[in-house]
Structure formats: structure tokens, C-alpha cells
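Pasting in a structure now, in C-alpha cells, and then I'll have a few things to ask.
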Amino acid sequence: MRRSWVVAVMLLVGGCTGPVRSSPVYESKAGQTAEVVASAVQTALLAVDAAEDGKAYGRYLTQVLVEAEEDAGAAQGTFDGIQPPDDRADELRARLDELLGDATDTLADLRIAARRGRFAELPELARPLPEVAAKLDEFAEAHG
Amino acid sequence: MSGRVLEAGLHLLDRQLIDSNGRLAGKVDDLELEVPSGGGPPVLTAILAGPGALSRRIGGRLGAWLEAVANRLRGGDDRRPARVSFGVVKGIGSAVDLSVPRVDLETDRLEAWTRDHLIGHLPGAGHAPE
Amino acid sequence: MRLSDLFGADVVDEAGRSAGHVHDVRLVQDGPLVGTFGASLRVDGLLVGRRSIGARLGYGRGQMHGPLLVKLAVGWLLHDGRYVDWGRVRTVEEDRILISGSVEDLPVPGPSS
Amino acid sequence: MRRLFSVALGILTAIGGFVDIGDIVANSETGARFGMSLAWVVVVGVIGICLFAEMAGRVATVSGRAVFDLVRERLGARMALVNLVASFFITFLTLAAEIGGVALAIELATSVNYLLWVPIVAFLVWLVVWRVKFDVMENAFGLLGLALVVAAVALWRLGPDWGGLLHGATHPVVPQGEGHPTWWFFGIALLGAAMTPYEVFFFSSGAVEEGWSRGDLITNRLNVYIGFPLGGLLSLALMAGATLFLEPRGIEPGHLSQVALPTLLVLGKLGLAVLLVGFFAATFGAALETGLSCGYSIAQYFGFQWGKFVRPADAPRFHLVVLLSILAGAGLVLTTVDPITVTEYSIVLSAAALPLTYFPILVVANDPDYMGDKVNSRFTNALGSIYLLLLLVVAVATIPLMILTKAGS
């Protein structure tokens, strides 16, 4: 919900989306991005749990995983489009990008397996996700 | 002689018109007043309904636009809004009841046009839903 | 003439003083007979006040049941309402109605129905 | 016996009909973010909608005048036009959101992109409006909407720490790391979702459609006073599910699929299937209600014939408005704007517009000219006045909060 509110408010007040000039603003955007991607990762984890227990339909699982990957990818894309204002921001960006890369790579693997109907493989593929989620949370906490 | 006392705005204006078959036939968008030939206070002679009457109530640029549209719809030099004579009014309550069917009223023109040119052509328009 | 020509018109006395704007028109059903309606409605007078906001809500008649909050608010808005008997109307111009006598002696409107 | 049956049916359809895409989205998102700390808003909203829906139903039953008739009569041609533009726009946005919601529910069941379903959904909505009798339509989708009860069943099966949930609901505090403005903003969204204006347009016009008479006033009361609170409980069940499953993991649901996760995790495939049926029925039913309400509001302002109780050929302009609204609503969703975003806008704007609808109802419900001896009681008026003040505050606060929460998040 938060992302769309931000969009709503930006539309409303206009002109708030300009280039980020200060480091603190960039940092808070980085924190927000980590939070959004963490939410997508956690969603995928829940879906994989359900798959493991044989609780969900394949179609539904696929849908959840596709959406999780899309959400994470969109957040990453938006963040990468922001110009980092200084050296410190460059460093922050490099650290977050690594985490985001890990997340989106794994989410893509999950999506590919689900689309091919290989639901049994999901738990194995999802193994790195809890650690990625924890790191993203930590990052979001530190830069929120 | 003392008759019923009404306030035009409160009891009459903007009320629903209902025809002799219970069909809705427009709103009391305005009222026409005439001074009797023998002089004295003005008397209500007709209910004015439809966009041509509503436009003046709304006023401003929007009202002017609505009036232009209404004139265009009527075509020709006819600048009068649709009239419902008080002679066919049966009673005034939470709605204004008329003693004639709406097809006999000038206010029915737009409704009839929409039926004849658009909605009436869709399959099943002539049957009640089941 | 249309009723909307009267609504909102400024009511002014001979000395040029204003009593406010027309916010409703009182009618009495004792005019000439017409069709199924019976006696036609004749203009009896004008309800005039500085503000017309709230006049349409129906609280001028003293028979509304509430709520108290709205009653009080509308009562305050319309407290300076006056009644102009049609007999005192001299001329009806666009946006202006000229009346005889002075606005000082206009009565407070009595209840209608 | 038949009487009892019709009362029971009315209550059941009121439960199923209460929840729509706005309630689904607002309650899940709030639970995921703020736990149960805003549950009290749902209670406030349910009491409010009960109060005003009963009033609107009573006025329509006694006087035969539906809500937008009253708006026009009491506010006059100009003010009522401003009201019409605002109310219609919000109802239209809600219609688009519901059409999108139906398509999303089908997407979850079929994996076929929702955009492909939108034209089909729009056509079906129109077909039902065009051909199906009012009471059949209302009962069918209301009863099917009861499938949402599965969300409450899941909660019960899970056997959560009820005391903890209740404590969260009765001790509303803003969770750490969240700003007050954001919290209040979500509160407003919840209120807007529970009290959306179209519900009273539809409810009052429905009373006229079904030809209610004074004898039906008891039925009106029972439907509203029992059905809506039970519907509110379904909303709260969605909120509690999100509180238990999504909030601890920091998941902010932006998709219908995430809303279904709690039920799925407890009840498995069958639970998911029933929940999807519930989503479908609730959003489809609400698409019908909002589509009709688009027609009701415009027809009642201009005074032309409306309603499904006459042949479509006898209410041509009404059917034209409904048809165009459905087409435009489907068109809006087809621009690929996220239906969940449209839903969020529609509920927040609904909250801001509530006094426009509720004030005229409150006034006319006190007018003996319309109501005879069925005018409001003192208690109803006292409560109605409190709500009117509350809704005015909400209306004034909404837009500033919308801007402020940008800073808050």
C-alpha cells in the first residue's frame, strides 16, 4: 500500500519526484527499497511453505511467485534509476544492489521452476531466501 | 378564501414528476409564473422541466453550455424549455403526481430519443428482467 | 417570468436599503381553477434574508424533528429572515426587486404548512 | 414461515454484500502494517453504515424517494450537481476497482492475465444488470459472497491467541517505527471502505426496486442491524489473518494473492478455493451495485425513469448511463493501472465525500412531510449528529493527511 500512496501523494503535490540531492534522502530511499523487496521475499517464502505442505494449487503458487518477482524487480529498477548524490551514496548503492541481486535472482529461479510445474524443487531453490530476507531487514532497519 | 400554503423552493422545486402510470417523468426544474390578465399577484401556470429549464438554475458557464445543448437538441428556433401545464397536475406530496402518461409530455423527448435510437435496439430491451 | 428569476434577487426599499436576497417564494392555493389541480397557486410573498444557505433544508417551518445541532445552526443562519408581502412589490428587475415602504417594518415570516 | 425465510435471506445477503474489494484491500493492508490497532475504526464504520443505511432505507420505504432524490430536493439544483459530480466520480472509481477485483480473482484461479478477463467481466456485469431480476441478482451474489466466511473459519481453526488479538484491538497504539499521520490515514481508508456512499445509494434504491412498504421496515432494520455487523466481522477476520501471518514477516500486501495467504496456510487448497469464490462473488456483487448506483444517482438527479423493475426500454437513459459507466470502468482497468491502487483511491475519496450523502439523509429522516410518524428518534438523531461531526472532521483531514503521509512513510 505504501508505494502506491507515495505515488498518489507525488501526483497530488507534484514536483516532489525530482532528483535526490542529499544523502539522507537517498539513504531513506534505499531503506524503503530494501523493505519492499523484503516483503516480496517473505511472500515467496510463505508460498513455498504452502507448496511444501501440498496446500496450494500450482496456478495460484505460480501467480504469487510471478508477482513477488515483479514487485522486487520494479523496486530495484526504481532505485537503480535514482542518481546517487555522493561517494557515500555510491557505497550504499553497491551494498544494496548486491542484496537486491541475490533476492531477484532467487525469485526468478522460483518463478521459472513454478512456470514449468516443478513445484517439488521450490523448497530447495528457496533455501537462500531466509538469509537474504534477514539481510534486507537489517539494511532497512539501519537506513530506514 | 384561504387555500393550502406552500413554499415554492421547499415544497415544489426539484421534486420528482410522476406520470399517471407511476413512471418517472423528470424533475420540477423551474416554474413558470404569469400575471393574470386582470392584474394581481402572479400565478403558477406551468412546471418547466429538462435541461432547458435546469440550465438557468445552475447558472454560470456550465448553465450557459447546458442551455446551448438543450437548444441544439430541440432544433429550430424553439427556445422554450419543456412545459408541463398545472392543468395536468394531480397532487403535490413528496413527489408531484400528474394525470397524464409521460409520452404525452414535452419532457419525454430525450427519453424517447434514447429509446428509439439506442437502448431499444439492444436484444431484450422490451422484456422485463427475469 | 420564471421562479428562478425571483430567487436570489436583491430586495431593496424606496430608500435603497436592502433587506437581503429572496430565498424562497410563498404560494397560496387560491388562484383561478386549472384542470385536475383545482385552484392554482398564487404568489403570496417573498422570504428574504441575508443568507440563503440552509433555507432549503426545511427548518423554517418549525416542524422538523431535529437533529438539534442542525436546527440550531440553521436557525442562527436564517435568524434575520423577513417576509415581503407581494402587495408591497413595486417592480421586478433583473437581480433586483423594488418594494414600497421601508425594510425596517418587514415582518418575520410566519410558519407555512 | 415465509416471512422468517425472507428475513433470514435478507440478513445473509447483507453479510455477503457488505464486503467488497475496498474492505478486502483496506483490512488486509491495515492488519499487515498496524496489526489490530485500527480494528476500532471498523467498529465505528459498521455502526455508521448501520445508522445511515437504516435511515436511507426507511426514508425510501415511507416516501418512495431514494437518496439522490433527497440530495436534489434538499440541496437544490446547483449544490446537488456538485454533489452528483463528486459522488458519481467516486462510485465510478469503485466500479472500476470492483471490475478489476473480479478479474484478479479469476486470474488467481486460472493464471490467465487479469486484463484478458476484464472485457468478459464487464460484459457479464452488464448482462446481469440488463436481464436478471433485482431480487434474484441480489440474493445470488449475496449468498455466494458468504463464502468469505472461510476467512473467519481459518482463523478459528488456527486457534490463535485470541486474548492477544483482542488486546491489540482494545489498546490502539501506533506501532513502533510508524508515524501518527500514516496510522490515521489508514484509519480513514478503513472508514471509507466500511461506509462507501454507494452502499446507501444502492440500499435506498433497492428498497424502491423491491417495492418495500411500511410492513417491511422491520425487515429493513433486521437486515441492517444484524447483516452489516456480521459482514464487519468478516472484514475483521481478514484483518486478523493479516495481523497473524503478514505483519510479523513485514509483508505489505499489494496483490489479492497475498490477501489469500493466511487462509491458504491454515485451510489448504479447499480453503483457498472457497475464498476465491468469495472474492469473486463479493467483487462481482459490488460491481453490480456500483454499476447500478452510477445509473441511480444520475437518474435521480435529473428525474428520469430508473430501476430494474421496469423494462429496459422504459428506462432507456438509466440503462444508457449504466452501460457507459461499465464500459468506461473496464476501459480504466484496461489502461493497466493497478486495480488495487484504484481501490485505495476510491476508499479514501469515499471517506472525504461521506457528509455529502449522509447530511441530506439525516435532514429528511426528520421531516414529517415525508416520514409521518416514522421520523428519527432522539437517540438516532444524537448518534447521527455525532457521526456527522466525525465525518466532517474526516472530510477536512483527508487531503492534508494524504500529503503529510508522504513525509510519514
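Each chain gets a letter, A, B, C and D, in the order it is written, and its residues are counted from 1.
Please note the rule applied: contacts are C-beta pairs under 8 Å (C-beta built on N, C-alpha and C of every residue); 3 or more make two chains touch, one makes a residue touch a chain.
Because the structure is predicted, anything quoted here is derived from the model rather than measured.
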Chain at maximum distance from subunit A, centres defined as averaged CA atoms: C
Centre-of-Cα separation between subunit C and subunit B, whole angstrom: 24
Rounded Å distance between subunit A and subunit C, as computed from the means of their C-alpha atoms: 66
Distance between chain centroids, defined by C-alpha means - subunit A, subunit D (Å): 32
Chain centre separation (subunit C, subunit D; CA means) in Å: 41
Residue numbers of subunit C (touch at least two other chains): 56, 58
Overlap residues in subunit D, where contacts from two or more other chains coincide: 73, 76, 369
Chain contact topology (line, ring, star, complete or other): other
Interchain pairs in contact, sorted by label: A-D, B-C, B-D, C-D
Touching residues on subunit D, where the partner in the complex is subunit A: 25, 29, 33, 107-111, 177, 185-186, 245, 249-255, 257-258, 260-261, 264-265, 268-269, 272-273, 338, 340-341, 344-345, 399, 402-403, 405-406, 409
Subunit B residues within the subunit D interface of the complex: 9, 11, 13-17, 23-27, 29, 49, 54, 57-59, 62, 94-95, 110-111, 114-115, 118-120, 122, 124-130
Subunit C to subunit B touching residues, read off their complex: 1-4, 6-7, 23-32, 34-37, 39-44, 47, 55-56, 58, 60-61, 86-87, 112-113
List of subunit D residues in touch with subunit C within their complex: 73-76, 362-363, 366-369, 375-376, 378, 381-382, 384-385, 388-389
In the complex with subunit B, residue positions of subunit D that touch it: 63-65, 69, 72-73, 76-78, 80-81, 130-134, 136, 299, 301-306, 308-314, 316-317, 319-320, 369-370
